[in-house]
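First, the structure itself, so that you have it in front of you.
We call the chains A, B, C, D and E, going by the order they appear; numbering starts again at 1 in every chain.
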């Protein structure tokens, strides 16, 4: 029982971290109908920027307070993400208005290559460290009730908290404001949105910047967990089932989907995995999502897919 | 025009495994530079070209095809996947492959794998040495009975290599073996470590590569598994694996491919003086002498010594062919004196190969991370030949049967 | 006016329904085939065969398969690598487990294995659409990755999960040298391309396209979604599976599941989209582009004599690769095949501007 | 010419780099007038409107020759949203409602560019609802699930939401019931007289278009073949025969078309 | 003209009700269609005309009521079945296959009639080739008939709206339907084009004896060419009968025609 709880908590927290990445996908999809495969690359890029600036800032300025250095690095990294957003709008999306989803998706894969190459050129391809002072050692709960207690990673707990807070704030912002409505309009029909004067370019820069911000936060959290290196971009693959399970267009869906996937994959790996030889969590997550989709093809909270003649 | 021997250098300086690939590549290239700085091999200078594989098999094959055409006489694929693919191609092209510390374990059998050279050790050697070390700590093989050992491995041919040997040993000595695969690249291991926490194995063997290693250590820390009970393969025992975990990895052990971090080796000093000193170093100066750097260095040295040996037989100062290179690698006789002369004193033990034995040495030792650097913490072990030999032979025979290959005739070993 | 069709009147529907109704096209294709079958084997270097031509041919075949699914039937798949893997391992098992199994049959049977699995994974497409389906196809990718690593039977109990084949022969013809391998692949791909082209211009092909463009309307004119979608999955996986078998057998010789990873799936999708969705010819263009570009970029610094280090070179390569992909998508979202036909339209008008 | 709002000067439009659609179209729209753009299928009406509102890029089309001026300012380089800021809004052919948004949300997005506060927007919304009561009853349903005509009303209403100075109406009557068509044109007249909104409308329903327009251009094959005061056009014999279906003065029954068949076209 | 014989009831719609959540698209609608006649459905926007057609060919499933076609009664239709029974339709919001050429679009209409299997098609030898040519010939007749020869190979997406409508009709005709459902085939056309379209419809009706169900907002057209007219308003039937009767019906005038007609 104690172990079950541990696995459950572990799954919930892993799920929260997936949500954080899934959020980036959802934001961009909602606002432009683009399925942004570059989200992983953005996470890596943001984390690299953060890690390297945190290293360079003290060298450049001689500041030796860690907090100050991290803070400046954070701002610089965020500035980088805004520039990235601007560049993407200016040179890629702005030129692909009104194209089909799959073309846009491929364009984001192109962006992925570019960002990967660029990030590594500028920031290097070694392993870097993000140290924002997250505690690494575990804590134990319910030590009275269960033998050995129930273990929870402190780092995970904090990360999950931050992720949850961010998701909630963004969900509110995008659901409750007029901008949110305009964004959904853009995703539905680029041309019609243009025709009534919604400035696609400005909107896109904003949304991609916000997605860049989400990527940066995800990058910091994942980066301090994994170390900042190329493989960080691969965690995006783990967020994909979350996105479709929750629904491509739903911010709350990203949270719920994340939790479901996180719990589902951890429990399956721990309880079913050994029977099958282990290593099943990655495909299990997808199969889980697939199962839900068969019932609700638009994901749990996604907008209904419209087909009408 | 000066005579030049061409060395292809397959590397990965980008992608998921770059942090590990880069120091290896720098060590490899620095050593070739050093040889040239010292006038080449009997006057034959070495030319080389890097080719980026990104650890991907198809790009590796492309590199092979491209560089083969430039007169390559030995390849070091530095990836188990590429090794597998090239094993099929090398015999036709008559180019030997050196896979120092990786590749297929059964390729130690030179009679079947005529062009493969897993010099200095295979994964079976690594696994056997680790188990010997653990047994010794416990106070003998018999003490392992009823103990539990978990193998956390990279879910790929590389990670699966040690399984036959470990399984064999567990049968022999009656310890429980728990197999825990980690899906590549290994960024998400929470479930694995929860399982470790649940079953509380006495030891964990870590067969990881790249990001999987540091993640494993971090998860071990987060689930409270003692790092000093963890033993890594030599690809999980270098600086990039522990660097960003730092204190969290204190006490973690790994088997070495003979060498560890060797800042004091003569050859390292030589490189610092002659190459870095002249501003021609390939990578940053601080990295010289680190574990993976040394592995690259060692790999290059083995190739160069193969060439030197071949020249001894086929004519000093000549550019040799692939077949001659194979002869050289098959007749390596690096005794202590030669090693000392090359600046490898204390870094490794003598190596001697034959056409039957393409591995040349099966010694290894263990080193431990103290939070800042790697220190040796054990004596030398030799893998148990009586166990390994039959396993190698059986596996090689199976391969030969599948491929309808003939074992090499004794006569073929002569010249 | 080099390229004119004036004066070329068709006197029968059969004539108008040819693959290349215009004389100039037929001439060009004839020449191209002659070059491919006669001149190339005589002239190309071993490197060109092994590192460029053979991969190009095999990946073209896979791209054709994927194009049937994505380009013609509109079902985006990110699991192509999986079907290649199934083809490769399927063919491998037939080859090693059944004595005297002919190579050609093994490859085709590999394709059949992929077909079966493809149909199974195609079933969700009846309900799940668009990007949801695309992401869901990753289930196939990760599942097969896992299965071939984990289930020993598939790899004939090879301890490491890596398998290899050698000594290929076709009706007594030993396929050893690169030229022979090239010719084998070329023949194979030509035949498959022809079959694929025939399918897409028959009524099944139209059913696929109708499904892609507007599924409700397609249903109203009597096209059954199940039939159309699953047949597209089947045919597509068949070609992809055979390509996988060739990739393993002919190109690599020895492989592990990583040879058919998700990167391969993306690579193929690139080929299809850059080449042109819904175009068989485009699949060849796309494959050529994606195979050649990295090799070309890789060698540019050396050709220019600029010594830059490998890391920087390959980072630049990735950047240029990404940028070029975006560039091509912007220039022509419908791919190289469309660019080609626009060029032909211009030629038709030439020398008048419009 | 001081009150010329829009001045299109010999523009050429090419789609996909090869398809030449407009072959030098010039037209003027005076401030506060209703100008009709008439012509058969494929004549290039939609294309002309797209050129003015700068919506061509998304269709891979471009203006290769000529100029377009709004109050004397060249506008080819502006974006569509700049045009809307200058008060020029287009109602696109084929509705283009935002499928996932409700009717009301659709209308509200139309007011995206407005800065005059929520109350003013709400007022306009009411106005649109009084124009199209049908929309009010369907306000909460997703646009995709409304009937063709309802979508058409929604598209028109949405454009009106931004308080435009000039509206480019592309086939407003398409799919609308007769009395709604009538109403739409009444709205046009209403806005035109009360709020001095200028209209450029592309319309197939020549009859009604010429009834409400001040001036008309007839477009064939990408060229203007005739223009003039609406009244004059209505009296023109050719127009009568080919566009009003009144060859020889009176209306022919559609039932009788079978017995004769003629193709018009001034230009081959 | 007078030799056209109107036959028995071919399609009988009984008490159909269709709801979408709270929206009552159709309430208890009954009407019938006789063989060879031209039957129009009119009514204000959102009255439920298109929904009615959608029920007939199985796109929507009505909650209540049944449809009898040639003596067979169904509580709901299945698109494929309907197509096989010889009902074809055109769509209000063009539902052409955008990526395909005109000829391919029309050829899809023949799909039901094409029988060769996948392997024959892949090899395209003998039967498949013959079949393709035979059907192609049929389609060429339709193309000639609709006068779109010049656009044969053009992708339909590039055609102007009016021609797309014609292709839509062509695709339906290619099915050699017994009943043809037309949803606003003349929207967005000028008088001359409408005349052409009317001619096509009358020809089809005349030469092939096809029964036609027509939705149209142009009263001129409806009154001129239809044999009987159904009027819907807010999902209810408010009138049914010959054009002149309907034109005189008070309810219809109030709800739809307005006074000017």
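FYI, a residue touches a chain if its C-beta (ideal position, glycine included) is under 8 Å from a C-beta of that chain, and two chains touch if they have at least 3 such contacts.
According to UniProt, the chain labels map to these proteins: A, C = Branched-chain amino acid ABC transporter permease; D, E = ABC transporter ATP-binding protein.
Note that this is a predicted model, so its numbers are computed, not measured.
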item: Touch-network distance, subunit A to subunit D, counted in steps; value: 1
item: Chain with minimal offset from the mean of all protein Cα atoms; value: C
item: Chain at maximum distance from subunit E, centres defined as averaged CA atoms; value: B
item: Centroid-based (C-alpha) most distant chain relative to subunit D; value: B
item: Subunit A-subunit E separation of Cα centroids, rounded to whole Å; value: 49
item: Between subunit E and subunit D, distance of the C-alpha-averaged centres to the nearest whole Å; value: 28
item: Centre-to-centre distance between subunit E and subunit C (centres being mean Cα positions), rounded to whole Å; value: 41
item: Separation of subunit B from subunit E, taking each centre as the mean of its C-alpha atoms, in whole Å; value: 74
item: For subunit B, residues that touch 2 or more chains besides their own; value: 13-14, 18, 22, 155, 181, 183
item: Set of subunit E residues in contact with two or more other chains; value: 59, 91-93, 95
item: Touching two or more other chains - residue numbers and ranges from subunit D; value: 145
item: For the subunit B and subunit C complex, residues of the former touching the latter; value: 11, 13-14, 18, 22, 25, 50-52, 54, 56-59, 61-62, 65-66, 68-69, 80-81, 84-85, 87-89, 92, 104, 155-158, 160-161, 163-164, 181, 183-184, 282, 395, 402-404
item: Parts of subunit E lying in touch with subunit C, wherever the complex brings them together; value: 57-59, 79-80, 82-84, 88-89, 91, 95-100, 104, 107-112, 114, 116, 118, 121-124, 128-129, 132-133, 136-137, 140, 171-172, 175
item: Subunit C contact footprint on subunit A (complex, rising order); value: 35, 91-92, 95-96, 99-103, 105-107, 109-118, 120-121, 125, 237, 240-241, 243-244, 248, 276-280, 282-283, 286-287, 289-290, 293-294, 297-299, 305, 307-309
item: Complex interface listing, subunit C residues touching subunit D; value: 342, 345-346, 349, 354
item: Partner subunit E, residues of subunit C touching it in the complex; value: 12-14, 16-17, 195, 198-199, 202-207, 209-210, 212-214, 216-224, 231, 235, 278
